[in-house]
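In what follows, structures are represented as C-alpha cells.
In the two complexes that follow, chain A is the common piece, with chain B as its partner first and chain C second.
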Partner chain A sequence: MRTGAYEELLNQVMRFPGVRGALVVAIRDGLVVDGRVHVGVHGEAVAALAASLYRRACRATGAKRGQGRTLELDAAEGRILIAGKDDLALMAVLERRANAGQARLAVRRAAQKLAKTGRK
Partner chain B sequence: MAGSTRRSLQELSAEVAANPNSTAFVELAAAYRERGDLDRAVRLCLRGLQRHPTHVEAHYELGRIYEQRGERELALDEWGIALQLAPDHLPSRLSIIRLYLDEGRPADAARELLLAREIAPGDASVAELWSKLEPMRRDGDGSEDAAAPVGLFGELKREYPGTLGALLVDATGQLVEGRMTPRGVESDRMLGVTLSGARAEAERVASYLQLGDLRSVVIESAVVRLTMSAVGGITLIVATACDLPAGQAARVLARARELAREHLESLGK
Partner chain C sequence: MERLDLGEIQDAFSTPLEQFVRDSGVRLAVLINRSGQILAQHGFDRFYDLIGVAALAAGINASSRALASQLGEDQFEHLHHAGQVRQLFLGHFDSAAGQLMLVTVFDDSSSIGLVRVFFEDFVRRIRQLPEMDVARSSVSAREFEAELESSLDRLFQDLIGG
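== the complex of A and B ==
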C-alpha cells in the first residue's frame, strides 16, 4: 500500500504505542493515497467509511460554523482520528490503550503538513 | 574535524546497516544533525523509533533535530515523550526550559525549572536558567472573559464559561431541548438533523470496523468543538469553544450528560 511520498508524515503518527494504522486519504472519494497499517486493520474500509463520516461532519460544521477540521470517533475498543483540509485527510486508527492526547496532536500536525505539501 | 566526523559516520552507518536492531541510529542521527543533514537525521530517528519506541535518547535526539529544523512544537513533543518514559531525564527538561525562555513563556519555564531543581539540585545549568528566568517573571499575564447563560443548559454555561450551547435531539433528528446557534431554533433544528445523522453513521462505522460500542464523536473546526454522545436513545450535542482544553471539554460533556439525564427522566423518557 505504501508509496513513500508521505512516509515521514505517516511515521510521525505510527511511532506512538497503540497506533495501529495511519492513512492519507482523499476525502472526496474515500480512497487511500498512502498508508501504513498493522495486520488486521482494513485500511481501505477505514478510509472509505471514515471519509464518508468526515464529509458529513464537515457539512455540519461547514460554512456556518467554520471549516470542519478534525473528527474523533471514540468507541469501546478503539478510536479513529481524522484531520484534514481541502482534499486530503490524515486518519489514524488507535487501540484503546493509546495515548489519545499525543496521537491527536501528532495527527493534527501531520495534517497541517499534509495541507502544506498538497499546495506545493 | 571533518575527517573524524566522516569516519565515525561511516562506522556508525556500517553498524546500523549490518544490524537494523542496533541503537547506534541515535548516534548516527546526531552526527547527521551536526553536519546539518536534518532531513536524513529525522528519517533515521523515526525509523529507529519504530523498532525502539521507548528509547529515551532517541526521542531526545529527535527533539534536537526538530528544534534545529525550526519545528519547535514537534521538538517539545519528543522531549515530552522522553520525560514520560524517564521523568528524570535532565537534558530533555533543560531543552524544554530553554525553549520556553526563548519563546518568552516564564510561567511554563518556572514550572519546568522547579522540576529540574528536584532532579538535579546543584546543577550549574539549572542555576543558570533560573538566573535567566528572574527578569522575565516581572511581566504580567493576560486575562479571560465569559459568556451568558440560556435554557436547560444555562447552568452549564455558568459553570463552564467555554460552553457555547447544547442540544438534545431524538432518533428522528427532532430537537427535544436546548439552544446552540445565535440564529434561533430553526438553525438549531437543522444542525440537530445533520449531526444526529452523523452520529448514526459513526455507530455504523464503529460496528463495521469492530471498534465496539460508540462512546462519542467529536468534530472540531477553527471556532467550535462539537461533541456528540448518546443519553438513552437521545443524542446529546455539546458545543464548546475550540480553545477550551480537551480535559475541560470532557468535564463539560460529563455535566451536560447529567443535566440531560435528569431532564429526560423528568419527561419520563
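== the complex of A and C ==
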C-alpha cells in the first residue's frame, strides 16, 4: 500500500512491535486514505468494517460529528484500535503480543493530528 | 447466453444476493445482465421501479464502456454515485453466464467501503455456483443492443405514459 501525506503519523503507530497495520480511513465511506499493512492483513476490509462499527458506536453514544472518539475491538487473535478526528479515523491492527497501552496512546496522539495533516 | 438458458439458472442467484444484502447493509440490490435482464433482486416493492433501474443501469454500463474505450481503458472497474442520503454502486464482473452487473442502493447504514468488500465476496459466490458450470455464453452484440433498446423503450414509455 502506498503512503503519502500521512506517512509520519502511520510510522508513529507502526514502530511498536506487534502492530500489523495502520490505516487512515474516511469514516463515512470506509475507504482507505493512506496506510501501511503487513502481508496477510486485508486493509480494505479492516477499514470498511471497522469504520462501520465506529459510525454505529458514535451514533449509539450520541457523539457529534467532529468529536474525537476511540473504539477498541478485542478479539482472540488480536485487537483493533480506532481513534477518530473530524471525518477521518486512524486505525491500528494489533497482534495479541503487542503492547496495547503504548499503541493506544500512539493512535490517539496520531489521530489528533489527522485533520491538520490532511490540510497541509 | 439466451434468455431461456438464464431463466433456468437464475433462481440460484437469489441466495448469494440475499447474503450480500445482509452482509453489506444495503437497501436495494438487483443483479442484471448486460441487456438489463433481471436475474435477482432485493428490496424493490414496485415492479416498474425495478425495470427502470435495471434498464438505466444497463444504459449507464454501456455508456461507461464507451467512455472507457475513448480513454484507452477496457472498462471502468466500478461506478459510484453519492447523493446526500442515498448512494448508488454499480459493479460488473465476468461469469460463465456472460457479464453480470450488481446495482445497489444504500444509505448511512452502509458505506462504499463495505459494499466494495462484500461485492468481492458476492462475485466469488456467484462464480462458485454449481449452476454456473452448465452456463453457456452466447449473447451477441446484436442481441445486446436490441435488448437494451427494447428495455429503454419500455422504460421511457412508462415514464411518459405512452
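Quick note on the criterion: the second predicted complex is superposed on the first by the 110 of 120 C-alpha atoms of A that agree within 3 Å, B and C clash if a C-alpha of one lies under 4 Å from a C-alpha of the other, contacts with A are read in each partner's own complex, and residues count from 1 in each chain.
Methods note: contacts are C-beta pairs under 8 Å (C-beta built on N, C-alpha and C of every residue); 3 or more make two chains touch, one makes a residue touch a chain.
Values in this document were obtained by computation on a predicted structure and should not be read as measured data.
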### Query
Are chain B and chain C a fit on chain A, or do they clash, once the structures share the same frame?
fit
### Message
For the superposed arrangement, I'd like the angle with vertex at the C-alpha centre of chain A and ends at chain B and chain C, nearest 10 degrees.
### Response
160
### Query
If you stack the two complexes on chain A, which partner ends up touching A:52: first (chain B), second (chain C), both, or neither?
both
### Task
Classify the contacts of A:88 with the two partner chains as first (chain B alone), second (chain C alone), both, or neither.
neither
### Task
Quick one: classify A:101 as touching chain B (first), chain C (second), both or neither.
first
#### Entry: Which partner reaches more residues of chain A (counting touched residues only), chain B or chain C
B
### Task
For A:28, select first, second, both or neither according to whether it touches chain B, chain C, the two together, or no partner.
second
### Query
Touching A:19, do we find chain B (first), chain C (second), both, or neither?
neither
### Query
After superposition on the shared chain, which partner residues are touched by A:44: those of chain B (first), chain C (second), both, or neither?
second
### Task
Please work out how little space separates the C-alpha atoms of chain B and chain C at their nearest point after superposition, in whole Å.
9
### Contact residues common to both interfaces of chain A (with chain B and with chain C)
45, 49, 52
## Note on the structure
In their shared complex, chain A is touched by residues of chain B numbered 42-43, 46-47, 49-50, 53, 73-74, 77, 81, 181, 187, 191, 194-195, 197-198, 201-202, 204-206, 208-224, 226, 246
### Summary
In their shared complex, chain A is touched by residues of chain C numbered 25, 108, 110-114, 116-117
### Message
Under the stated contact criterion, what part of chain A meets chain B in this complex?
### Response
7-8, 11-12, 14-17, 42, 45-46, 49-50, 52-53, 56-57, 59-61, 64-80, 93, 101-102, 104-106, 109
### Query
In the complex formed with chain C, which residues of chain A make contact?
25-26, 28-32, 44-45, 47-49, 51-52, 55
